[in-house]
Amino acid sequence: MCGIFGVTDDRNASRLAFIGLFTLQHRGQESAGIVADDGSRLVPYSAMGLVNEIFSKDVLDSLAGHAAIGHIRYSTAGSSDIKNAQPLFFNSALGPLAVAHNGNLTNAARLRADLQRSGAIFQSTADSEIIVHLMARRRGRTLEDTIARNLPLLEGSYSFLFMTPGGMIAVRDPNGFRPLVLGRLGRSHLFSSETCAIDVVGGKTIREIEPGEMVVVRKGAVRSRRFSRPAPLTRCIFEQVYFARPDSVVAGRTVQLTRNEIGAMLAREMKGVKADIVSGVPDSGTAYALGFAGASGIPYQAVFMRNHYTGRSFIQPDQTLREFTAQLKLAPIGGVIEGKSIILIDDSLVRGTTSRKIIASLKRAGARNVHMAIASPAIVSPCYYGIDTPTKEELIANDLTPERIRAYIGADGLHYLSLGSLITACGGGTDRGFCSGCFTGRYPAGRNVKRAK
Amino acid sequence: MCGIFGVTDDRNASRLAFIGLFTLQHRGQESAGIVADDGSRLVPYSAMGLVNEIFSKDVLDSLAGHAAIGHIRYSTAGSSDIKNAQPLFFNSALGPLAVAHNGNLTNAARLRADLQRSGAIFQSTADSEIIVHLMARRRGRTLEDTIARNLPLLEGSYSFLFMTPGGMIAVRDPNGFRPLVLGRLGRSHLFSSETCAIDVVGGKTIREIEPGEMVVVRKGAVRSRRFSRPAPLTRCIFEQVYFARPDSVVAGRTVQLTRNEIGAMLAREMKGVKADIVSGVPDSGTAYALGFAGASGIPYQAVFMRNHYTGRSFIQPDQTLREFTAQLKLAPIGGVIEGKSIILIDDSLVRGTTSRKIIASLKRAGARNVHMAIASPAIVSPCYYGIDTPTKEELIANDLTPERIRAYIGADGLHYLSLGSLITACGGGTDRGFCSGCFTGRYPAGRNVKRAK
Amino acid sequence: MCGIFGVTDDRNASRLAFIGLFTLQHRGQESAGIVADDGSRLVPYSAMGLVNEIFSKDVLDSLAGHAAIGHIRYSTAGSSDIKNAQPLFFNSALGPLAVAHNGNLTNAARLRADLQRSGAIFQSTADSEIIVHLMARRRGRTLEDTIARNLPLLEGSYSFLFMTPGGMIAVRDPNGFRPLVLGRLGRSHLFSSETCAIDVVGGKTIREIEPGEMVVVRKGAVRSRRFSRPAPLTRCIFEQVYFARPDSVVAGRTVQLTRNEIGAMLAREMKGVKADIVSGVPDSGTAYALGFAGASGIPYQAVFMRNHYTGRSFIQPDQTLREFTAQLKLAPIGGVIEGKSIILIDDSLVRGTTSRKIIASLKRAGARNVHMAIASPAIVSPCYYGIDTPTKEELIANDLTPERIRAYIGADGLHYLSLGSLITACGGGTDRGFCSGCFTGRYPAGRNVKRAK
Amino acid sequence: MCGIFGVTDDRNASRLAFIGLFTLQHRGQESAGIVADDGSRLVPYSAMGLVNEIFSKDVLDSLAGHAAIGHIRYSTAGSSDIKNAQPLFFNSALGPLAVAHNGNLTNAARLRADLQRSGAIFQSTADSEIIVHLMARRRGRTLEDTIARNLPLLEGSYSFLFMTPGGMIAVRDPNGFRPLVLGRLGRSHLFSSETCAIDVVGGKTIREIEPGEMVVVRKGAVRSRRFSRPAPLTRCIFEQVYFARPDSVVAGRTVQLTRNEIGAMLAREMKGVKADIVSGVPDSGTAYALGFAGASGIPYQAVFMRNHYTGRSFIQPDQTLREFTAQLKLAPIGGVIEGKSIILIDDSLVRGTTSRKIIASLKRAGARNVHMAIASPAIVSPCYYGIDTPTKEELIANDLTPERIRAYIGADGLHYLSLGSLITACGGGTDRGFCSGCFTGRYPAGRNVKRAK
């Protein structure tokens, strides 16, 4: 996952982009970048690390201008390279152009090979560069035409922010996989992956960008056009389950309330299960557990103390410390665990290794038994639209029955929320409105052979 | 506040001290240090910053030995100086000696002046150096004798760890202001400001060090002696209210449960107050709010999203961003606040400026009304025993009536927990066992003219 | 100016490249980079700064392989950008390809515009990227064919090193503006801008690469082919006057001896001038002064003490210190200057500002009079082939007569070496073998409108 | 060796001290520090590294005041510790006090032990701290009295600068081992280890501080008093041979001229030796070689190219590179060496290992034969007065005859300058005025058992 943020028509554009990215930091911690538009020139700055470490006062001062786009990138194994840090920035026949991308193209490998065969030279291994090469070769009358003409060549998921001196263009793919919202702050227009960033900069959220829509801001005016008929909306349900900040509004409801509701759904599905307390794996599990507690009458209690001083740079110094790592970050609170029967809620269960460690640490701290409740169905297939799930082989639910998973993680019970309940709690109709590829193996926009993140 | 941690008889002593300090990081973020004992030599390392930033694998490798003591120091305005980073390390007629101190001496200024007059040269402005100068001049037959002979000259609060090649000595002042516990891990003895650090390294807490007690570990054996008759126990109640980690055990009970109980006490004292939801100021307020919810039936809901990516280094780049700072760190969750009547709990109210900002941000997010509930009595007088409260003049309750404080912070109601309820919830008898100087102005061990932290 | 170095067939290729670049450091201090070839992959690393600061043991370890090319870049105002650091590295239809370039293309602006018009996207503002875009579009049967086919499109000066997995190709432009030599070390082939780097890695210089020649090393074998008929050789005479290290061999003679000879030529041309001592502006002026002393009988004496601790990072902290800067780096040695008549030799006189400061400092230190002798003719026109001379307007000799220049710099006399003497001393025939564009305004390979460095 | 510099009565005192230390950098590269006096407070700053790296504009801004003293420290194996960086800074009954020291106390170990026995606690292992402890315990009516009363307790060599708010005191030991000069710049008084630093800040040298003299500057006025009868002057001759910058004046003559004269003395002593060229080991050897050339008629030629980009931080990355280290820093200039008979001059010969490497590299580069000429006598005994010579066992001349040394270093001839010639060239009378302990084993002020640097 990644996060993107754009600001127009404000002389503090880069500072607002900085605040926006800082608020979206949960969507990616590998790298961050801002490109500022001073009216005639684009000034880029990106680096590996956290927003707050990268953008000092001096750097922000160097990013003067009235518009800016920013990007934060998720850390994925093996592809850590400053060349992939976004926004990407290009000089070409299109003039100066910056691009920020959230998503994953399923036909990237083929498009890249075709372009290279005809002489294109790539700077990065990012999918996001492909659209610019296409645009540089198939140009329309205006930049908007050029974009609209080339987007239909892309398959997969994408929310893009494009910026040239004097103009910003936001697009969302025809399926609406990845989020993108439009906001306002005074005379300024804002684009953001989530509403929370618009709130924190002091703006108002106007609406979501529609699937297949292109929104253009130029000279203070905003225009909308379609570059594609919308496909059936299939937004990614994991935004509500895991990625989005609790204070963001997704699909019309504050995410924290959606999670409370999911917790209540779990309580209904698990009516027979008895326990002394219900708790969640921090931080996302807490909202589920409070919803569960309200619906079930089982009291909520925090059972883990999370240490927030680990930072991005926390690397266990060596083998000697490896055994401590789990409890360094997540220490069981012995005094509330000992002798208790506990329902523990987590958002999802991917490989099972983390659950296994966490349950073991509760048992060592004296838990009588632990029922694991998962706020989503079993994940049986990878994501091809931008979420960094492991390969099919590493997905524990691809291989094992729920009973064997329960045994593997050492729980006394294991319950997955049903897909129907999840979609209902998230505000969808009968299996409509959401992509459920990872739960069902049915993919609304193809899959790529060589899966990218 | 500061935190101290000691380990004996383990060939990974420095690594265990590192984990201990990391777990005590909430007690101080300015500097951290470890001194290792390799049997014949003491090897010191300290730096400004967080434990996790300071101690790399290479640094820990350089701190070889079978024993170690560590210290983390609280950040206080104006005294940031690496020379004050602890453990302090000295070469003198006592041989190599390291000292870690948590506390504040009320007669420091006088002792320092006397010592200088007789030729002593000080390295730091830390109180902690005074005891070593006293010891270097009034030496006993053994190091223990030397310590025992000089401690009675000190007034105020202190928990000390002393280390020489082959020996470690822990002492706690006769009033027991500051915490210090003894633990074991295999053949190793552990000393820690809090039990949570003993838990995280995998050890067992044995007991508190007694007020006026000296515990000596040498050649694997532990011995106890008294250097003073105990004064009436007056432990600092703010450990339970604010400083201690929720998973630590203080005065025989897990702090999280004590805080739940304090929340319940508040609910009882505020029986008449109606509200839609009860919430807490993160992170410490949450446990109070959950206790309040359980006792009152008013549902708990999180109303703030805390951004944990700020880190120690977060400095608003400039004036332009100052207005955003509060909501950058603590964003109101609009979707659960709008139109609601809210009881909001915080651990204490010192200057009132933070409460004022927080309540304003709830009101901007649409709260109908906000009742502020404080989990402790009004603070009317500074602390002279090691907590970094502001001067009397800056304490809002020193000047204003509760009604005027309520008006200043913009709340629709304000309730302070009574001292009786607080002490009862913390496990004390009638005004016994706790220092209540900051609530009452009555100080059990004198006060210093020039207040230090 | 820049420096390039290549190594084949040695398992310490990157380390040898590091030593080579370190030895060529005088040719550029802005950035340095090495690309290693591990047989199947190219691994690049470059950074701003000095060779010795950039390549730590860890970095060199990461650059494993049996071949490597390296580049150091000259610091020029305004274009400091890590994107321009070389070797450039590309993924394209040509496969992985690294390029290191010393020189300047006079038709770069036109080629770049043409390429962009047909959809090319550039990563950098370096001329050096143009050849790769040309190659990606006009591909031959082999990489050598592709290079040979596209080089004739380039105008200006270039010495290139190309590297692909398993192959290294060196080329020198048909005029031979920039130097490039071939060496051997055991089974390894070496390419270097100067012979001194081949000496320091322990190798033997074989010969210069010929103008218009392409040398290919593959599977341990070296082959030569021509991609162009050689134009009349017009090597840059400033290599001998200023750039090359005294221990390099250029045009068949050790540079230090050439400079002694130039000094002797000056002495002959200045036969009438009387002086107590002759000296040089450190460091390059010393060899001229010693040659002058030998030929004239006027004793040599060092009159300046150069402080070598300034480093690349020396920035006068502020205005207050600006007046000290000259004497901080170059302090006059008062005891040998006072009352003396001095002939002072410098390699060239460009703007005149440095000479003015230096002569003033000699006068302040008590020099009776100072005759300035310049080891080259007056520079009246910029360089278009890679030397960072200022614009025509800033060249003092473009405007002023020698007599007015003498007055401006505050000298009691001023003598420029004649072009004939310079070429003779450098080993050339009558105005043959050297480019004299900067002295005459006659350019052997065109000039670019927008002059680059 | 170390260097010290002091400035009074200038509002840019710290900046002048910075320039002074920068100019004295050749005297020590391990650490540097400045203490500024703002009239009421002393502000210290020191760090490991070079002057130019340590003192940024921000740091200098923080060192505001009208007076400052600075210190640079020589790097010696094993004692690299920021605690030993000077100026040392103390708070004691003497008030704030800063001390900078160049020298070595021969009775340090005994004084330290005595002080510790009576309760003193030391911050550092620096000798320089001892004087302050003595002063804190044996105080006079004024600071000057206190200093004058305690200095006679010290044995060995010392030039000290003391600074308190409003006052600066300079002293030089009764033997005058280490240099210290007084200068003026406008209303400001300057103290410096060498005159070159006074020149570079734009000041005038007034005179040397006399052996046994104390110079006090207070309220713009300078006063002199004696704290001891002067012992016979025994200045260290290695200042002129090796340490001092060529542009400093020592014992009344510019060091470069003294070195020319020493070279001429060598030429006279070696009248029979034939050679094609004479050269020096850079940088100090050059002045000797030029003096030799003038006296002998054998032409001078530079035979080594010194690479100045190594910096303090140059560490050969690993074993693989170790063989290159010598030629990386000092590359033989093959073209002037091949087939030549060479007289090579170095300032001194200590262990012989460097000479051996250098001669081998000349031979590899084709030298027909190499006569080594040393600009000082054989060193047979360590220095106890502040020069970092190795132990007696490591001194090659302690063990071996000149003929065996010649064989060991691989020279075709070896000549040491006679002590008489050296002293004459340095301006002394018959064995008078200089310490010759290292050449003779006769020490004018005792020796310490445990030698310090």
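We just call them A, B, C and D in the order they show up, numbering each chain from 1.
Everything below uses one rule, namely that contacts are C-beta pairs under 8 Å (C-beta built on N, C-alpha and C of every residue); 3 or more make two chains touch, one makes a residue touch a chain.
Since this is a predicted model, take the numbers as computed values, not measurements.
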Rotation in the CA alignment of chain C with chain D, degrees, nearest 5: 180
Cα-centroid distance, chain A relative to chain B, in whole angstrom: 37
Centroid distance [mean C-alpha coordinates] between chain C and chain B, Å: 62
Residue list for chain C, restricted to those that touch at least two other chains: none
Overall pattern in which the protein chains touch one another (line/ring/star/complete/other): ring
Touching pairs - complete list by chain label: A-B, A-C, B-D, C-D
Residues of chain A defined as touching chain B within the complex: 12, 15, 18-19, 22-23, 25-26, 29, 50-53, 55-57, 60, 196, 199-202, 245-247, 249, 253-254, 256-257, 286-287, 290, 294, 299-302, 305, 307-311, 313-314, 317-318, 320-321, 324, 327-328, 331-336
Residues on chain D engaged by chain B in the complex (per definition of touch): 90-93, 116-123, 132-133, 136-137
